[in-house]
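Just dropping this structure here.
Labels run A, B, C and D following the written order; every chain starts at residue 1.
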Amino acid sequence: MSKLYLCAIALLATLSINGYCEDAPAAEKRFGQGGGRPSEAQIAEWRAKREAREGQAATADAPSPAGSGAHGDMSAMSGMTGMAGMPGMKDEGSLRSGRSGGKPSMKGMPEGAARSGGRPSGMGMRSGGALWLSDTPPMRGDGARGGRSGMAGMDMSGGGWGKPAVKRLWLRAGNDPQRSGFAQEDADAQVETLLVTPDGKPEGEPLPSASDDRKGLSFEMPVQGFYRLYLTSRKLQGDILNVNVAKAEVANFGHGGDVEEAARGLQATRYSESAPLEIVRERKPDERKFFQLKSGEDQVFIVLKKGLPLQGARVRMVSYQGWSKEEVSDEQGRVSFQIVRDYFPPWNEFEKRFKATYLLIAEANAAETGKYQDKPYTSVRYQASLSGNYYPSPTDYLSYAWALGVGMAILLFCGVAVYLYRRRRVKPYQEERFHEGK
Amino acid sequence: MKASSPRLQALRDAVNHVHFNRFRFWFQLAAFVLFVYGGYLAIDLGSRLPFFACGYNQEGRAGVCYLLPLQHQLSLPWARLFSYAGIAVLTGFLIFALWFIFLNKGWCGFICPLGTIQDWLTSLRRRLGIRYSTYSHGQFAQLTKVKYLLLALMILIPLGIGGGLFSHSMSPPFCLICPARMILPMFTGDFSQFTIDFSSSAAMVMTALGISITALFLVGSFVKKRFFCFFCPMSALHYLISKPALLKLKKDGSKCTRCGDCYNVCDMEIKEIADDIKNTNIMTDDCTMCLKCVASCPETGALKATFAGIPIFESTEAGFIKRMGKGVQHGK
Amino acid sequence: MENDAKVIPIQAAPYNLSRQAGEAENMLDHIVDDFPDNPQSMAYFYDLFRRVYCHGDEVKHEGMLVGTTCIQAPEELIYAFGATPMRLCNGSYHYDQKGADFMPAKSCSLVKATLGMLNSETVIPKIGKPDLIVNPTTCDQKKKASVMIEGMGHSVYELEFPNVKESEASRVYWQRSVRQFAARLRELTGKKLTRKNLQAAMAKTSRAQAAFRKLHNFRRKSPSLILGKDAFLVTNAYFFDDIERWTDAVEKLNAELELRDEAGFKAVQSKAPRVLFTGSPPIFPNLKLPLLIEEAGGVVVTDETCSANRMLYDMTAVDEWLVNDMVDSLADKYLKPCTCPIFTRNDDRRRRLLDLVRDFNADGVVYQAFAGCQVYEMEYRSVADEFNKAGIPMLYIETDYSTDDKGQLSTRIEAFLESLKNRKKHRA
Amino acid sequence: MKYFAGIDVGSTAIKVAVVDEEGKLAGVHVAPSGSLFHKNSLEALNNLLGKLSLQREDVRYLIATGYGRKLFKEADDSISEITANAIGAFEAGKAHGGVRTIINIGGQDSKAIQIDNNGHVVNFAMNDKCAAGTGRFLDVAARNLDLDLEDLGDCHFQGSGAPLTINSTCTVFAESEIIGLLAKGHGKAEIIAGIHYSIASRTVRLAKRVGIEDRVYFDGGPALNKGLVAALQDELGRELVVPEHPQTTTAFGAAMLARSEFMDEQSLEKV
């Protein structure tokens, strides 16, 4: 079956669902009662689990349980940058560039500064900027990436008739979705890649080395569901252990196909208990197979550490155009962002299937001690990244008012025309009319 | 009279004397509920249905109208369409044809939700005591070609899209102007199709056309019985492959008095049903196989619906008298 | 100079002693007495005709009286306006002779008789003076009769009827005519046409039609349960009888025929040739031809004439019971299935005849054309060709209301029936 | 020996024919009808029986036909003269290679009959209640010309000029036309030929209504008139079969039918 057709359907499907709501709060109203958030019972369960684990690992200076109030070394990110939303956005990309991997920086960001356009230089694991997985390679010069991408990032090169689709991801470094280059290899870092397939082990398996291109990570997707790729790199810098987890989540659903398989895929767990730190995009209660995030919507992410919610993690979201905002995860590990609308092309160039990439970086420090490659460390700096795509909101280009206006106008016009025609018609042979009274 | 067992004859009589309009109303209602709300009961009959079970009705649909996947398939890039994807197009068409062959155009007259809505609008008008409109002979002859034009466009435009000649935002062209896209999702509380898409000029034109046609549809089917069916490209597509269909509308010309009763009740104003005494297969391209003509024919055996050659509903004098005897007080 | 000449005063002889009554009585006696086993329920009709035609009893009616000269006048509309339709077509030789004053000698007896009847002081059937006479513009002779009827002091409405029935234009034209007719009736009666009235009127006629159709279906049985002369008498009574009473009587007759059928009763010998009667309508007392056929041992099993089958057979279907729709449907019913020879082409009549022959298992056809009824005379050729092709024997008889050709006709009819019998024997 | 009789009670003459068991004609008799149909019919029958020295009982089956057939109550059955004529002509025509079309001109009517190969009537036509073109026409003409009816045939061939045209088809008007022609000094023979052609053309028109096939059998009283036969043949352009006793074909047919009816009944009784 043609993927194009699938995707177009997916688009239409999401349009028709999301298009209902004029704005996000309305969606909240309508769907809010669903199972979006973890229930009280679930939170209690998580706590119990965490406490049990802490009991076992008494030696480690574990971070304090979420919600305990005492933060230990975990520094809560406060001093938020400006409101995610319209103009008051910070430009962080340029400020960050050049810094070494992941030292949180949260001060001195000028409010309302326009994007400087400075391109981050010297990217890579060494040179700073987060490490993240993207389904689009860095653009080369022309800058016209994004744009129409009916494939929604699906690499069609391998997906022939009857063959499973092949997904190719690129490891990129940088804090700007548009401008991050390929990640440089770092001899010091120890990299481990795990692929979690919908029907595989929950901890995942090493990625089969399918690609000769070091920048591209390819894998086949034979079954429906969410494929997750974890790329974990560890590196000791002084007495600080840097743990970077770049994660990509790829949805693979088809039209037709096995319905049960798709349902299973939709319901399967989407986090890994072995991941040192990871960001999970919280599913909305009404999500279906071909979900698309639209700008203007609120999206909740959950920060998990080894499968458990982590409070106090600093989470930064960077939009396609580089606008960013930072939040700190709450006791359930949740952070919520409104997906900012940053796509303002000239009217006639507007493309409703414009695919934009957002980048999410979570950071947390923990005063954990241990040994890495026989060298001791006293604290661990965790960093997790997740990228995803979002699209223009239907409200940006769909108008109810116009439709209603045009519709009513035509309705009235036709109605009146028919009425007058029938009223005034002195058609030969029909002059004699009868009353329909009883 | 054919020799058949008395029990079978009694059954036939019971069928032939049925209060047809009442039966059809309930049948249509049931079909409407099934295909507009069946999705909530996890009913899914696939996406090759030969009638307007609109795919835009995400929640409730119990299947998808074939025109939607057909247009999508045809708008594939040519390189794929004319290679392996062509097989998918063919198998899709085959499944559609299999569905179709089963009921012929009976899908239109009994199942199609959009047709049912038109019938409801008609009965609303009737209750208001407003007379229906008819086309003149000349208008009929002209307008009856429109559905073939739409069918041709419905195939050519997606091909053009696949070939890069037209914008993708025109896809699927017919669905964008089909009133079912707006009206059917409405029944599940989804008004999202009542919008104009300003994302591109093509999309804007198509959606504006869509809303205009929906408005026209509402006015049209209020004053004209089965207004839209007259222009429906699905109907044209049906007719092209109707030869091997199992359900058939048959006419015995020698029994016909050409009284025009059938023409009088015909929603589609098909004159042939009354005037044509040569063809035994009387279904025309405009026909929706609502079988109202059979129910209103006073000549026993002149009109009948057969399924695989077996008569299932036949015009009878007694049935006619029962159905048309409105207000007749039978003497003791 | 003798001056004993006497002035003889006008003496009105009692009606039952008149030639006219004699003609009717003679025919009725033949119908009743020459045949054994008349159905008992026919007594109503025998009695009706005896009262109306032989005794000259008055025919009662409700509301205004609207006379019609053709089956094309929509009687449902007349009923709906609270008036009573009365078909004026007459079959009396007496009136035929009187009407000859108005029409050329070589014109249709039926039209002449109708004119003669309308011109006489005492109209039989005694219906009084119609408030309006509807004269559809069908055949030339009827068309030209309008002015003459008007000259007799009647008020005439010419209901325009098209000559082509296939075209859509004529259909629309006729619907317009019917609408205008309704307007004229509204003017006449001062009443309004409402859904309820029209529906009630249509219910009346459709009940009558249902009863007729049932009778019609009984005549399919072979050997016959009822003779054609009785069936003609029944449909003739529809011209002037109260429609409800008529329907009741026909339903009673149907019940009796049902009993006859169950008892295996035969009204004629099984060998009796079955005849389809077509052409100019037999109207009492001119039942000469059907009677001759049945006296000679044949049986008229069905007919295609405007005094019986064509008048009552075709029923109206309505999609939406709104006045406009009902009126148009009615108009269609009076035009589309009509097989009157006044239409330019008349394939439907030939098909109808063939269908009737097949359906009623008729052995032969008798085609009556009134001398001077050009349209029937002209259509004879095409009908004969059609039957010839189908191998169905047909006897064409040109005659009028006079009885002086009875001897010759009986020879021809007998010879025809003998040849039918022979064919039947041959086939068996 | 069993005998069977047919009696044709016509408007001008009563014809009786008797056949034997083999269907051979035993004898015929012709008598004028007069006004007392019944009495004259009985007399005619008895006369013939006397001639053939038969008893009434020898005649096992008697069928009446003709205009007055209903009045002759002694008959076992009655049949229309058209059927009887067809049977008679068919039987008589067998000797001449079979006939399919019969033209009969009687005293008051003329008929054309078409029969099939078995002698069954397929189609027939009769003149419409008018004596034009019938025997009565010849009668009237002979009276006007002061000739005997029997002499008309011979006169036909004695003319020196072409036959005159008689325009009037009506017997009454033709009468005055003939007188007019005489007054103008036309010869009797030409007038007679004209009359014959007038009748012949009328008859042929009648015959054409039923369709003319093969040989044409011509019977009835006027078939004795050779002039009329010649005129008819000329108009038809076909061979004519004229029997020896053209008046009695119908009676012969009735007698033949009586025979076959009797045989049928016998065979039924046996079964």
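Points to keep in mind about this one:
The rule is simple: a residue touches a chain if its C-beta (ideal position, glycine included) is under 8 Å from a C-beta of that chain, and two chains touch if they have at least 3 such contacts.
Bear in mind that the values here come from a model prediction, so they are computed numbers and not experimental data.
Graph distance from chain B to chain D, where chains that touch are one step apart, equals 2. Between C-D and B-C, more contacting C-beta pairs join the chains of B-C. Mean C-alpha positions place chain C and chain D at a centre distance of 39 Å.
Annotation: 44 Å between the Cα-based centres of chain A and chain B. Computed centre separation for the pair chain A/chain C is 89 angstrom, with centres defined by C-alpha atoms.
Contact with two or more other chains is made by residues 322, 324 of chain C. The set of chain B residues that touch two or more partner chains comprises 129, 131. Among the residues of chain D, none is found touching two or more other chains. Across the assembly, chains come into contact as A-B, A-C, B-C, C-D. Of all residues in chain C, those touching chain A in their complex are 172-173, 175-176, 179-180, 182-183, 192-196, 322-324, 327.
In the complex of the two chains, the chain A residues touching chain B come out as 1-2, 4-5, 8-9, 12-13, 15-20, 148, 150, 160-161, 255, 259, 347-348, 350-352, 392, 394, 396-400, 402-404, 406-411, 414-415, 418, 422, 436-437. Of all residues in chain B, those touching chain C in their complex are 126, 129, 131-132, 136-137, 253-265, 271, 274-275, 277, 292, 296-298, 317, 320-321, 324-331. Chain contact summary for the complex, chain C toward chain B: residues 166, 168, 199-200, 202-203, 206-207, 210, 213, 217, 247-248, 251, 313-322, 324-325, 328-329, 332-333, 336-337, 348, 351-352, 354-355, 358. Within the complex, the chain B residues that touch chain A are 44, 47, 55-56, 58, 69, 72-73, 75-77, 80, 84-85, 88, 129-131, 133, 168-169, 171, 185, 190-201, 203, 207-208, 211-212, 214-216, 218-220, 223.
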